[in-house]
Amino acid sequence: MSIRPSKRAPDAMRPVSIERAVARYAEGSCLVKFGETHVLCCASLEDKAPGWLRGQGRGWVTAEYAMLPRATHERTRREVTSGKPSGRTQEIQRLIGRSLRAVVDLKMLGERQITVDCDVLQADGGTRTASITGAWVALHDCLAWMKARDMLKGPALKDHVAAVSCGIFRGQPVLDLDYAEDSEAETDANFVLTGSGGIVEIQGTAEGAPFSEAELIELLGLAKSGCAKLVELQKLATA
Amino acid sequence: MSIRPSKRAPDAMRPVSIERAVARYAEGSCLVKFGETHVLCCASLEDKAPGWLRGQGRGWVTAEYAMLPRATHERTRREVTSGKPSGRTQEIQRLIGRSLRAVVDLKMLGERQITVDCDVLQADGGTRTASITGAWVALHDCLAWMKARDMLKGPALKDHVAAVSCGIFRGQPVLDLDYAEDSEAETDANFVLTGSGGIVEIQGTAEGAPFSEAELIELLGLAKSGCAKLVELQKLATA
Amino acid sequence: MSIRPSKRAPDAMRPVSIERAVARYAEGSCLVKFGETHVLCCASLEDKAPGWLRGQGRGWVTAEYAMLPRATHERTRREVTSGKPSGRTQEIQRLIGRSLRAVVDLKMLGERQITVDCDVLQADGGTRTASITGAWVALHDCLAWMKARDMLKGPALKDHVAAVSCGIFRGQPVLDLDYAEDSEAETDANFVLTGSGGIVEIQGTAEGAPFSEAELIELLGLAKSGCAKLVELQKLATA
Amino acid sequence: MSIRPSKRAPDAMRPVSIERAVARYAEGSCLVKFGETHVLCCASLEDKAPGWLRGQGRGWVTAEYAMLPRATHERTRREVTSGKPSGRTQEIQRLIGRSLRAVVDLKMLGERQITVDCDVLQADGGTRTASITGAWVALHDCLAWMKARDMLKGPALKDHVAAVSCGIFRGQPVLDLDYAEDSEAETDANFVLTGSGGIVEIQGTAEGAPFSEAELIELLGLAKSGCAKLVELQKLATA
Amino acid sequence: MSIRPSKRAPDAMRPVSIERAVARYAEGSCLVKFGETHVLCCASLEDKAPGWLRGQGRGWVTAEYAMLPRATHERTRREVTSGKPSGRTQEIQRLIGRSLRAVVDLKMLGERQITVDCDVLQADGGTRTASITGAWVALHDCLAWMKARDMLKGPALKDHVAAVSCGIFRGQPVLDLDYAEDSEAETDANFVLTGSGGIVEIQGTAEGAPFSEAELIELLGLAKSGCAKLVELQKLATA
Amino acid sequence: MSIRPSKRAPDAMRPVSIERAVARYAEGSCLVKFGETHVLCCASLEDKAPGWLRGQGRGWVTAEYAMLPRATHERTRREVTSGKPSGRTQEIQRLIGRSLRAVVDLKMLGERQITVDCDVLQADGGTRTASITGAWVALHDCLAWMKARDMLKGPALKDHVAAVSCGIFRGQPVLDLDYAEDSEAETDANFVLTGSGGIVEIQGTAEGAPFSEAELIELLGLAKSGCAKLVELQKLATA
């Protein structure tokens, strides 16, 4: 019997689906769902590099992240109302961008920029990990679009990248926290891993008591199995 | 043979669909499509009136409007980046709010506020008219949600409200402009009408040559037939 | 016996005056008064086009609008204090700009921009219609200033443009609403018409009950007679 | 023969006029002209003190300052466009406020605030000194308005206050610099003096070479004679 | 022979010093130096809790972080110039706040807030880890100040907290990166640990190739030894 | 027996110290102390002139000023939180910049800009005068750094510049006000003088009753003796 509100086993992810090519105008797009968390990911190609990179023959990949006001249980004010993205939003979009760049060979893009917009339509925990996982698919399709038009200097995508959260919930390490778990977990950690199992990013925070090295290793083990499944789904979606 | 890029007859709307209850957490919601224009409308109830209205025993209905960055052919910068909603955004959300308030008896709400968020997922012209048409459905469902919980003092919804654009395209008055028509039309007018055929709002602009009273009457005729169809679809959706 | 607070007949405008060349440094200027509504209109020529228009050999006409803090019955906070123009201000300045561009041949200006500033010194309703009517005079004089210096490629001003508000006040269609009428009117509509009687812009809003096609036609009739008088006054002023 | 571009004698002010009660709604107002510098000053009474002063039984007098975009030879961007008042604007409005407060007994106002708006309609140098001089008249009339309604606890206005600029122009100390002189003067100083000849504020800046104590004394002498004349004009205007 | 630019052994920290009570007015303060990285940490007590916490009988600890413009090799623009803290600044100040709260019993504070300002006077890498380490000392002294005035309901400080960065530099795991190492490291990780060795926060990022679980363990080992030394120094400083 | 809270004689300054070369990366720097007022001054050289000056072969010197949040008795909010520098901050940094430019020959710099950052670490009155006095030393050292690299076209520094505040405190003219005096003084004046005794800037304000010409002369006398001492200390520091 599970202690999880969702009745899932400790190492069970929520149902994940990835639907490609959902946005009519974007060069690459997908709608990714981790259970009730739904994120629309759209990759947009711009035919020039950002100013600080010009003249170096390289490109750039960046990301933006936002939530619709009623993605959440209670309505959230639009960030445009306060005039600037919140600290949380900036942290997340920087994380998505770094994660994508970890698997792209920027020299192959030429002086171009790809922006992946991750807009959360519905939020039930894990929006940043779903965003990274979906953003990879949108990016993949954008790069395929470019390859079909001979815009790449060579293979640009070096690996898959996917992300999942783990945490210690009521003393039990569990995989893929939903909102009910996330708001109560003692420890919350996000892992970004490549298809070949390398670690791109770890962000672990003790919300209550500090955690131990042994617990960290256990969470990492869960994350590895979770990301392996997500990479399988990315492969199916882009096959 | 039509002169319209879409091959539609001058008085033909695009295929319209309204899908209710698409957002898990909102008190009322719908996804409205006017052809390739897709808008997610979510109504959120807040249990207090805005500050300037307190103590009057009345409620308020307001709206917010935004476009996802890649709703459009070319990616559009997020408005949060420039720190404030554009003039166009503010015009549109004020229009949606006025249109909804025209058919609501605010005294029946008590001291509460309903915010209808209209987020454009895909844009092919007519986003403001689709928003108004869908916002009515989200509002309808939010009011039904309140009624089911005995939160209304009496019947709050006085009528339907729907909107459509008309314009003079290559000399021909046409109904429901898409993006290709909108960007080229000589005259562009938005009409907001009630279910009983009353005019709530007219906004007509000559983009090229001024238009005549006769042309105005003709556009109004098209709008009346278009809005009548939209109201039928609202009735079907909420039946 | 009139039902209007001002005792005016339903089709009577307030006393209108237009005084030209009131600003020492502007290329064109006037002080326009619609009764107690006073607007200072100044046209400024800039010897380059806005960035998005460069290299096309055309010019641009734009407008800005503001109210002095104590133009109104109660003092209004300066918009600079909140860091951005309000939605209302943006709507109005976009309207003034569109109205002026409707009667200017932008190709004749060369790559230059004319900005018409409309600053309301005193407000008693109808500030946007007075602004448009006065802005035309300031623009006319700026173009004359340019012509005298051989800066135009040909005739730039195609027609007059003037504006007036109409509304349904206590059930009666009336012309040129003042503040007392405006704040109580059931329907409020602004009409921008050319000297030759063409419609440049209609913005009609039902504040209370929706209005009918017959009422719209009646309001348009009032507006036509009002704008015809305003165009006469523009002719006298610039004779 | 004068060295001044305006042919004035070194100790001659420009023609000064003060026209009272020019704004229909303000509790006190005047249009002050120092030659071609024209400033509209409006005093607005608000029936509560600013937050930081509440509960102390005292009132407050403050000022705001702005220039219309085409008050100047070249059009100036509106400050609302950059989202905040410039450093220069803030310096000037703080100076006006301090100058007025120097001659008001704030305890007599009760918990109320008077805001004096100084809006420059036309600028030819000396806008801050004209503003102070006119603001006193607007304030005087606002206090008279309050007295007539028994709103003052006792005499609130302790003295006159007026201001004038002086400078060293081509080696010659001169009174009341206009724009042509101001932009070329080696030293520029603003003096705010009371009716009884006391110094409220001195702001002197060497634009080129530093100035000496002797020059400072000479400039102060010019300022005293200038302010004495301005106080005479204030008396005439409010008689 | 070390591969490190600084000639340090892989597991050697820079010289660390902590000087207490350096700010005359703050309730607690220190100047912490990790080699050439110098951070001034000041704790300020405010006698009310933040608005969202009121009425719960608990207090709050938060942090703000900034760098002086010329703390860095090249001058950095002040963040006030762009109107908002950068994403990096917000990430860091949120991290410092979370780290401190992990060792404070907020219920003991009563409804009060402590803000720890970390201002970087000189930056040579590791500013966030030095900030956390010094912030603990400032917080410690602020709590002692409160205890001396009987303002605490009981023991508020549960443990020490300190932080250090580790990374993989030229293939070698090293402790406490300076700027030269940080800008070149393949992997960069920040560890926040308690005095009892628990993990409060891990943030690890692969700048180049992904890193492995084994490398993560090795970095954690270095961090544990580094933080143990930092805690010793905190004890010496506050003895 | 002195009436001053600090027991100083009316013409006595606080202990002043100037410590050079305190910032590792800046081209020139000092920590200046006027008693308990401590300001870190750093001069940064940028190898291009500001945009509005380009192509004129001249350089520019500017200054920025800020206070750390807990420099003051009570913590002050960071200005970045409100999104813009306060009016006071802008006044002060404009004053510092003007003061420095009064003694620099900008043509000797070539097309370069020097920014002097004055960051107040601790504030006990007189922060702007300490800033000017210290900024001169940082600028001096920056110019020496440039001279050593043959970056100057000739002698750039024309004179010393230093500043001190004077005021009328309990009826007595006194030199160099600290916070306790400043907040209570009837008149407060800042004087910026050159090494040769010329006046660069005077800013005198009556906080209570207006002051007389005789008092102004007396304050100027105190300022001259104070600045002469400060210039001596600048000479010692840079010897």
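As written, the chain order gives the labels A, B, C, D, E and F, with residue 1 at the start of each chain.
As a convention for this text, a residue touches a chain if its C-beta (ideal position, glycine included) is under 8 Å from a C-beta of that chain, and two chains touch if they have at least 3 such contacts.
By chain, with names taken from UniProt: A, B, C, D, E, F = Ribonuclease PH.
Every value quoted in this text rests on a predicted model; they were computed, and no experiment measured them.
*Asks:* Please identify the chain with the largest separation between its CA centroid and the CA centroid of subunit F (Ribonuclease PH).
*Replies:* B
*Asks:* How big is the rotation relating subunit C (Ribonuclease PH) to subunit F (Ribonuclease PH) when the fit is done on Cα atoms? Please round to the nearest 5 degrees.
*Replies:* 120
*Asks:* Measure off the straight-line distance from the CA centroid of subunit D (Ribonuclease PH) to the CA centroid of subunit E (Ribonuclease PH), and report it in whole Å.
*Replies:* Whole-Å distance between the two chain centres: 51.
*Asks:* Based only on mean CA positions, could you tell me how far subunit B (Ribonuclease PH) sits from subunit F (Ribonuclease PH) in angstrom?
*Replies:* 59
*Asks:* Please tell me the distance, in whole Å, between the geometric centres of subunit A (Ribonuclease PH) and subunit E (Ribonuclease PH) computed from their C-alpha atoms.
*Replies:* Using C-alpha averages as centres, the distance is 28 Å.
*Asks:* Out of subunit D (Ribonuclease PH), which residues touch more than one other chain, so two or more?
*Replies:* 83-85
*Asks:* Taking chains as nodes and touches as edges, what kind of graph is this: line, ring, star, complete or other?
*Replies:* Ring.
*Asks:* Output the circular ordering of the chains, read from subunit E (Ribonuclease PH) in the direction of subunit F (Ribonuclease PH).
*Replies:* The chains follow each other as E, F, D, C, B, A, starting at subunit E (Ribonuclease PH) and passing subunit F (Ribonuclease PH) next.
*Asks:* Which bits of subunit A (Ribonuclease PH) are touching subunit B (Ribonuclease PH) when the two form their complex?
*Replies:* Spelled out, the residues of subunit A (Ribonuclease PH) in touch with subunit B (Ribonuclease PH) are 23-26, 29, 36, 40, 42, 44, 46, 64, 66, 68-73, 75, 78-80, 83-85, 115, 117, 119, 121-122, 124.
*Asks:* For subunit E (Ribonuclease PH), which residues count as touching subunit A (Ribonuclease PH) in their complex?
*Replies:* 83-87, 90-91, 93-94, 98, 102, 189, 193-194, 196, 198-206, 209-213, 216-217, 220
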